[in-house]
Amino acid sequence: MKNQINYQDKSEGRNWFRLVYQWRGSVMKAILPRVLVCAIFSLGVTVFYQCGVNLALPLESGIVPSIVLGLLLVFRTNTAYERFWEGRKLWGTLINTVRNLARTIWVTVEENEAQDRQEKIVTLRLLVAFSVATKLHLRGYTNYDELIDLMPNLWHEKLKSMNNPPLEIAFWIGDYLQEQYEKGCINPYQLTAMFKLLDIMVDVLGGCERILKTPIPLAYSIHLKQLVFIYCFTLPFQVVDELRWLTSPLVSLISFTVFGIEEIGEEIEDPFGYDANDLPLDKICQTMKINIEDLISLDPCVRYWKTSVDELMN
Amino acid sequence: MKNQINYQDKSEGRNWFRLVYQWRGSVMKAILPRVLVCAIFSLGVTVFYQCGVNLALPLESGIVPSIVLGLLLVFRTNTAYERFWEGRKLWGTLINTVRNLARTIWVTVEENEAQDRQEKIVTLRLLVAFSVATKLHLRGYTNYDELIDLMPNLWHEKLKSMNNPPLEIAFWIGDYLQEQYEKGCINPYQLTAMFKLLDIMVDVLGGCERILKTPIPLAYSIHLKQLVFIYCFTLPFQVVDELRWLTSPLVSLISFTVFGIEEIGEEIEDPFGYDANDLPLDKICQTMKINIEDLISLDPCVRYWKTSVDELMN
Amino acid sequence: MKNQINYQDKSEGRNWFRLVYQWRGSVMKAILPRVLVCAIFSLGVTVFYQCGVNLALPLESGIVPSIVLGLLLVFRTNTAYERFWEGRKLWGTLINTVRNLARTIWVTVEENEAQDRQEKIVTLRLLVAFSVATKLHLRGYTNYDELIDLMPNLWHEKLKSMNNPPLEIAFWIGDYLQEQYEKGCINPYQLTAMFKLLDIMVDVLGGCERILKTPIPLAYSIHLKQLVFIYCFTLPFQVVDELRWLTSPLVSLISFTVFGIEEIGEEIEDPFGYDANDLPLDKICQTMKINIEDLISLDPCVRYWKTSVDELMN
Amino acid sequence: MKNQINYQDKSEGRNWFRLVYQWRGSVMKAILPRVLVCAIFSLGVTVFYQCGVNLALPLESGIVPSIVLGLLLVFRTNTAYERFWEGRKLWGTLINTVRNLARTIWVTVEENEAQDRQEKIVTLRLLVAFSVATKLHLRGYTNYDELIDLMPNLWHEKLKSMNNPPLEIAFWIGDYLQEQYEKGCINPYQLTAMFKLLDIMVDVLGGCERILKTPIPLAYSIHLKQLVFIYCFTLPFQVVDELRWLTSPLVSLISFTVFGIEEIGEEIEDPFGYDANDLPLDKICQTMKINIEDLISLDPCVRYWKTSVDELMN
Amino acid sequence: MKNQINYQDKSEGRNWFRLVYQWRGSVMKAILPRVLVCAIFSLGVTVFYQCGVNLALPLESGIVPSIVLGLLLVFRTNTAYERFWEGRKLWGTLINTVRNLARTIWVTVEENEAQDRQEKIVTLRLLVAFSVATKLHLRGYTNYDELIDLMPNLWHEKLKSMNNPPLEIAFWIGDYLQEQYEKGCINPYQLTAMFKLLDIMVDVLGGCERILKTPIPLAYSIHLKQLVFIYCFTLPFQVVDELRWLTSPLVSLISFTVFGIEEIGEEIEDPFGYDANDLPLDKICQTMKINIEDLISLDPCVRYWKTSVDELMN
């Protein structure tokens, strides 16, 4: 089965207007309650105003707070997106490293007995297991059933008692490589190079944990929320004089804008969950598995190359 | 044939005004329908207004949403450009690595028989094949005819059954290097260094896939489209009171500005296609091929160097 | 004991409104005095104005200073956050490197006598000691009691007379590795690779010292403070004509916005302290310790791998 | 001759006001025609207006397009500067690598015959030749006379038939190193390290080509030019009502601002030319040459060190 | 003597208001003349206006130039700060590398004769000499007296005739390492690793030279100065109608804001001088020296480790 690249065909149109009303993946569901609160509050302000209570508040000199709020919202957006993109980059590095390490093991480790090939295959699948375990670890799972097909039973049992299962899998891969070196099946330079690739895999694990466990500093999110709150609840007083009964729809629209951008930041910030806006970790792990199985289907160890070039020569 | 560097001569003028009206490469074609919708809508609003329906809507306090929209549009622009530029950087890395790996193979692999030279040349062309296969893979092709001249037939057949052809080509290159090491034609340190270069090539492949498969989070593009939509369709109500029949032209102009910048973001975001705004992947692959053929035209293995210095000495 | 990942469950709601009023982690406490000064000053201006002293000051053309102040505040914010995030990244690198170095030592150093295992364990704990010493060094402590359990007594004494204790611990780790190499328990390539990991640990130490000792250039913080000061104390004159008795509450609100964002910058800038907004260094060191103890609970040296695969074979 | 560092003395004043009127290095020359067109156009508008044709156009609600234009201009500026600075960084890397590779060759390659020293010197000069050839290649030259003194004649002839001369020079350097290794004058680890430095030099070449051949995507520059055009030619209609005969001077001033910033972006974008705003490539190559000649003036190979320490000991 | 970390105690208050009036480190001194010129000019404008000359100039449509100026000022600020911070990072890298190289030399180089230890110490001090020479070189000194205590006399003499003294020091360090390798005191892998650290030190030198010799492109600083100039000298005409005698104080205040931010950019841009806003290079070199002397006070070569663990065992 070919792994699909969902290449967007630019020429056929992208249904611009349909996206505007799309519900799934949008933050509308999350911010609706807050927008409604604002709408009702504005309505109340309007009613009082129409009853003759003077609530109008001119706020023309507030340009600096407006700029600050605007820029802070975008700072929030940028920061959250950078975390999302860094998470994606780390998983991209993981794919690359798994591919490179698998190819190197497949090509360089010498096979002397029939069992050696089998051990290689076990190790290649351990690489996929590392990725899956990282995914489960990041999502806070303690159930590791997804790993059953990717490693021997004895190890799967062992994993359950560990605090950080991917680290143990990395230990087993390192152990295998060291054994091959001691048996004389790989030379020390290649061993060192493969250890470095293994180090990169553990770096990815640490990088993802860092993104997961360190949200944006509390002071920022509190101050931003306070500014948004102040802005949305002083807004009706500023516009009621001019807009009268249109106050409530307008304030809803504006609060929708502002709450929406703040909410997106919060949703994107931790990209390892299941939302429509999160990284497709399941699909990424699946791709790795396909790549590894493809590799296993090729004969390593030089015979293949020789015949091909002989054919070319003749 | 010299490969041309299209060096822009600054002193002769750049036809500033001609670029303003250029059609190809511009996004005018893509956004024209949307701009027309806005123009017609504004015209309708004006007609109703002139017929005495009061549609005027004062919206002076909307500075925060304006800043948010403005900054979000530029955030979109920045993000898309960064993806474009990262894609370009990855391909630049690919060129560099192909050049370096080709030179290292050409210089360091010992030749003992006549066939050895031939095998070297096959491998050097495989490096180009890797790049071409990456290009085709990124563009979603399943037809790999472009590779026929760059590898033996047997392998070309084999490629068709693979999910990710560049990975198999990388496997063959690794296989060749490992064989040379086992035959004693390269020492283990150089083998390790060349494997690292091969790893970089696979990293580039993974990096490009990452850019291709991970668009900007859905929540952003939806929210941005919604804001643009709201802005463009509330605009006529705000200006009709003042501009009367000029409303429609003006709203068209402004919506042209806003839709244009949003559209560019979308177009630049995936830089591996065929548009005027995409990366010139065909040209890049061509450059690599020329560099490799140039290299093949030089005699490796020390003889050349010796005669030259002897000449210098005398 | 499982180390908890505080994964925020998105679906259950985040108590948006509660965060708005949260006191701990907010900067309200720090900026309250300044906001009060502004409030009282505005009140004074209002009183004078109401008494007939004409203090109104139209300042409509000040858009450039407003933009400059707004952008400078956000520049401050960005810079401070980047330092915070760089600090976090450095500690993430430290975790990764400790894990990698520990695994490499555990897997590769040959054990010939019973004491060798014991020495390994001492060295693994020294890795944790390096992190803890770095933490204490960054916080300006001269009391190193926290290290007592992590190293032999003799060394703990020695540390007290040193200017930069983590550097000495790095020296001891290097000394251990060099000894193992000279005894023939690790090969020279692995020695070099491990020395590089040790170098990274010292790089992290230097990076954290850099963040700690180099605040944002004085000229910026002074100029920013001056602009904020000028802005907040000219504000009442601009709005008193229009707002009358509402001047003081409004100026308080705006100064709260502006002082808050400036204060956050200052608080986040040095992320190695104990505040709610600082990095959780104690927790990070604790995680490292757990990971190391987990590793020690696994048998190294190949036996484990063999039995498992045998089981798989049968 | 000492190579001068033009260290700006801060205390003596920088002639702030003189710079304002400086012509060379400024973009005034390039944008003057466009500014004049705007001035004349505005004058025409004013004349018609004074003749009673109502051309006034209120455009108060255009804050989003204004923000978009402003931010897009600065996006242009940032992008162009980043390219300039990346180009500078690449050349900085080239200087560093040439210095490092030269020092390593000078120190580590064993000299057995008199000719060996001579060959070393030829190779050191080839390093400078690589830089000079890169400079010429980036500037689109096909005349390589500047290289005559830096390499043997035979090679200089050979270069003329090549598409990418720096690549051939890199090949010769690699060839020399490989020969030394085969003669036993350098050990394989140092060979690998030096090959890596050579790879970095080729990376710099590729990086510069990337900057040169990939301008900012066409869609951006067209859209930006269109926005600038629309802005500058609708401006007179907006201000003529208020400013009357002052319209033309004012529009000139504003169009000067806007065209200037757009033009700088275009000028900085390709930093490898001869303009006052381009990188001083000639000077950089000269510095490299001086550093290499300095190095050649020092005796390598341990004798120097020994005598010095002996002197110190006694 | 303990090297002090000036850890700011957050809880005790930071004297917010005192910083506002601080003179040293502020740019007030540098911009005072320009601000005075603006003040006097505005006063003149006011006098003429009061005498009945109509100088009022409405400039309400200038929002794009205002945004451009505002953003350009912040672009200036960002760029300058990035250069400052990159300079700091380079020196941080230098500290780290000196520490790492020193530790590696101290631990790994075998000592056979009494003189060997002495040579090691000379080399360790040469590392500090490299940093000090870099500092002097960046500051444009040609007097190298500060190096006298850090190297043998003979070499100190030799340095005076060199164009780039740090490069020669790097050559000597490389020479020492190569000699140790040839004497068999270090193995080739460690030699290569140490050469790489030496390369990093030379990279730092090149990086600092790059920052020093490449100011922001002239076109930017000229255009920015022109915009600031135009802004400050058209400002009085815009506000004189409204503010009358308050024009001059207000224009002074605004020009103070704008000149200040531009001046900071210029001052921070070259961070290797002596100003209050420059990097504390003297202090950094001092720290390095202390760290090296601390290291020398520890016994290398395995004996220390052994006794400690024996003590632990019993």
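First chain written, first letter: the chains are A, B, C, D and E, and each begins at residue 1.
In this text, a contact is a pair of C-beta atoms (placed from the backbone, for glycine too) under 8 Å apart; a residue touches a chain by one contact, two chains touch by 3 or more.
Going by UniProt, the chains are A, B, C, D, E = Bestrophin-like protein.
Values in this document were obtained by computation on a predicted structure and should not be read as measured data.
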Shared touching partners of subunit C and subunit D are E
For subunit A and subunit E, the touch-path distance in steps comes out at 2
Taking shared numbers over all numbers used, above half giving same and below half different, the subunit A and subunit B interface sides are different
Between subunit C and subunit E, the Cα-mean centres are separated in Å by 23
Whole-Å distance, C-alpha centre of subunit B to that of subunit E, is 37
So subunit A residues touching two or more other chains come to 59, 63, 67, 69, 71, 189, 192, 267
Read round the cycle from subunit C toward subunit E, the chains appear as C, E, D, B, A
Seen from subunit C, its contact residues with subunit A in the complex are 1-3, 5-8, 10, 14, 16-17, 19-20, 22, 25-27, 59, 63, 66-67, 69-71, 73-74, 77-78, 81, 84, 88-89, 92-93, 95-96, 99-100, 103-104, 106-108, 187, 189-190, 192-193, 197, 231, 235, 238-239, 242-243, 246, 250, 253-254, 257-258, 260-261, 264, 267-268, 276-277, 279, 290-291, 294-295, 298, 300-302, 304-309, 311-313
Counting only contacts in the complex, subunit E reaches subunit D at residues 34, 57-65, 67-69, 71-72, 75, 79, 115, 118-119, 122, 137-140, 142, 152-155, 162-164, 167-168, 170-172, 174-176, 178-179, 182, 188-189, 191-192, 195-196, 198-199, 202-203, 205-207, 209-210, 212-214, 216-223, 225-227, 229-230, 234, 266-267, 270, 273, 275
